[in-house]
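Please go over the structures that come below.
You will see two complexes here that share chain A, one where it goes with chain B and one where it goes with chain C.
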Partner chain A sequence: MVSLDPRINRLDLQERKEETQPHEHWPTWEVFHQKKRGAQAIHVGIVHAPSPELALIFAKEQFGRRQKSTNIWVVKSSEVFTFQTGDEDMFETTPEKSYRDAGGYRVRDKINAFKKENQQDQ
Partner chain B sequence: MNAIKDLILKMADDALIIGHRNSEWTGLGPTLEEDISFSSIAQDKLGHALQLYTILHEDHEEQNPDLLAFTRKAEDFRCCQYVEMPIGAYDFSLIRQFLFDHAEYNRYQMLSNSSNNRLAALSQKIKGEIKYHVLHADTWVIQLGNGTTESHDRLQKALTDSMPLALGIFEKSAFEAELIRNNIFEGEDALRERWLGSITPILQKAGLELPDISTIEPAYGGRKGQHTGHLKPLLDEMGEVLNTDPTASW
Partner chain C sequence: MYGGGYIQDDDIKQPSNGQEDPRLLAEFEARINAGEKIEPDDWMPAEYRKQLIRMIEQHAHSEIIGALPEGTWITRAPGFKRKMALMAKVQDEIGHAQLLYSAAETLGKPREEMINDLLSGKSKYSNVFNYPTPTWADSCIITWLIDAAAIVNQVINSKGSYGPYCRALERICYEESFHLKLGHDCIVELATGTPAQRKLVQAALERWWKPIIHFFGPPDKTSVHSEKLMRWKVKMASNDDMRNQYLSTYVPKIKELGLVIPDPDLKKDEATGSWTYSDPDWDEFFRVINGDGPCNEERLAVRKWAEDNGKWVRNALQKASDKYVVPLA
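This part shows the complex of A and B:
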């Protein structure tokens, strides 16, 4: 096979003998990106890597390259504990309990009134 | 040619050619993540070359960076022969990144005190990028040096085979004494000492053995325009599009 890409032709693909074994792969690492010092580290995705050091390097390229970044965290995916996907229903809540939502408090009106009053004082 | 032009040109040519070589791994890298990382590092190198060619163009009456990069003949290039060698297998490319980038890192560190303001400023500007390139190389070398017997042996072989070429990085130019006298650059011998000091502890961590360099004949010639047969095909491929019509506007 001759490719339009000279790099492919140089590879001499027929002569490759290496074969990948089933289940032969690197673990995944969850990546958290931090925009600036003190800011929350926000989960942005995963990388595959054989060690935490290389996970950091890959995460920097994958997620730190095209945005402002101060730091990156990586955590082995197997070290992250979660609920079962089927337990989603535990998070559901009946609509009658709106008093439990923060939106149920009418604080915003009071704050606005307070601000307005203070502005007039100045 | 003068001392400062010669220094900047060889640095620029090194960066351009290794950047181009490393970019040949794009799409073919060993894993998706490493493919992206290595390509990104290659792009950084092209950026360094652009900065250096720009200095030559602005301060030293040379052609614009595109023409310098894409239209010169092989014998006009001042890169070392190491950077022009084909990418080979990943072990060779990785060891080259390791050996070359440590030299480059130390060269820019030394230039941060240069009497040439442009070079001193550039060294400040790109120090973070090069620090990262070295971290990338070190991490891989330590990982694979301590990996399997195969990964260790392949790295060791690549290291041993590469050493004459790597030592060719430090080939002196005719202007060496002048660069040192004018506090532009401390010189290739000083650089080579610093380089040895920075690669040795990493190789120890990786369980790799540095060959006895006193017995090795360095692959010199590149700094004088004497290149291997590998450079011309690279230049032809790299400049193929521009050279179909060098005057076209893009």
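This part shows the complex of A and C:
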């Protein structure tokens, strides 16, 4: 085999003696990216790394090389606890939740009616 | 970036013989029909999982291998700015592979296994990277026209049903838009340049036209079409639909530069929007996919070298407590 790239021709290319072993590419870390001061750290993906220090370095390269960044957090995937996505119906409590929303409280009509009534009384 | 629109579908031809629970299957299909995404911890049919792993893994391998024909031009890129841009572009591709391997891992296949399957030839990657880049213009053709094809494919696939793959593709598409502009800039510079530059880019286009037509896979009439994979939103558009969309956008952009596409029969039926082209030798396509292309051997040999020679670094990082000991004699 002759490559167009002389650097490849200089490599000692051999058949593999041993396949890549399980876990050789390390455990995974969840990465949270904070764009700027005051912003939330948002989950953006994972990296594989042997230690938290290297996870931060790899995450900086993978998720912080392009856009503006202020900080990055990493946490070992095995340390994250979640619900089952399939159990999402547990978030469905009452279908009517307007009592929790600002939009659920409209008083202007009442005030206007009250004012009108009072004007008539005078 | 380089998700070949073409999924190797030897196994798709065989119907799944595993019987799925009809109630779970109905729930799963209803969710997809409603436009909802599937998350890794959801129930999914075994065949859905298998096809997604295959597709995302091939996409990831394509990013890694696709970095090689362009990466070889970093040291010889014309000028400092071009060199910086190409380095950034190639780094992006490796980053995309990382994102995609991560998405495939959520389906249960470890990364080490995917790497082994790439290096043993069991798992494929986009066919176009089995062709060489003998000149700078060839590298620019990849940056512009192959990335453009990949973007067509990825934008469509980002509307698919599997959450982690969609998330990865959205991020990838965002980064790809820079590649497309960079590639166009490089090609425009050559095409509007000296006669020697024009000749260089024309020759590269001629070398790459066939692989470009191959990119989205064989025509629909000959390729196995899986109704089920479409229904499950694993495959989002047919090979011909994607190719037609691509040609409609990029043929005019190539022609406005005065470049000549090496196919006199290439034309669009304005009524149907579909393109006809002369036979791009589909036998060659299958020969190259199965290992007999100009660069198959080199691409895998280089990746094997990198994986094997990176082993001591991985081990050193894993066990930092291991100390170097001076040999006794």
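Just so we're on the same page, the second predicted complex is superposed on the first by the 78 of 122 C-alpha atoms of A that agree within 3 Å, B and C clash if a C-alpha of one lies under 4 Å from a C-alpha of the other, contacts with A are read in each partner's own complex, and residues count from 1 in each chain.
Definition applied: a residue touches a chain if its C-beta (ideal position, glycine included) is under 8 Å from a C-beta of that chain, and two chains touch if they have at least 3 such contacts.
Nothing here was measured: the structure is a model prediction, and the numbers come from that model.
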With the two structures laid over each other on chain A, which partner does A:28 touch: chain B (first), chain C (second), both, or neither?
second
Between chain B and chain C, whom does A:86 touch in the aligned arrangement: first, second, both, or neither?
second
Looking at A:19 after the superposition, I want to know if it touches chain B, chain C, both of them or none. Which is it: first, second, both, neither?
second
Between chain B and chain C, whom does A:48 touch in the aligned arrangement: first, second, both, or neither?
both
Contacts of A:66 with chain B and chain C, given as first, second, both or neither
second
Pick one for A:120: touches chain B only (first), chain C only (second), both, or neither.
neither
Does the superposition put A:10 against chain B (first), chain C (second), both, or neither?
first
Residues on chain A lying within both footprints (that of chain B and that of chain C):
8, 11, 26, 47-48, 50-51, 54, 61-62, 65
Which of the residues in chain B end up touching chain A in this complex?
24, 27-28, 31-34, 36-37, 40, 86, 132, 135-136, 139-140, 142-143, 237
Could you pull out which chain A residues touch chain C in their complex?
1, 3-5, 8, 11-17, 19-26, 28, 44-48, 50-51, 54, 61-62, 65-66, 82, 84-86
Write out the stretch or stretches of chain C touching chain A in their complex.
39-43, 72, 91, 95, 98-99, 102, 105, 110-113, 115-116, 119-120, 132-134, 167-168, 171, 175, 297-298, 301-302, 304-305, 307-308, 311, 314, 317-318, 320
Listed in rising order, chain A residues that touch chain B in their complex are 6-8, 10-11, 26, 47-51, 53-54, 57-58, 60-62, 65
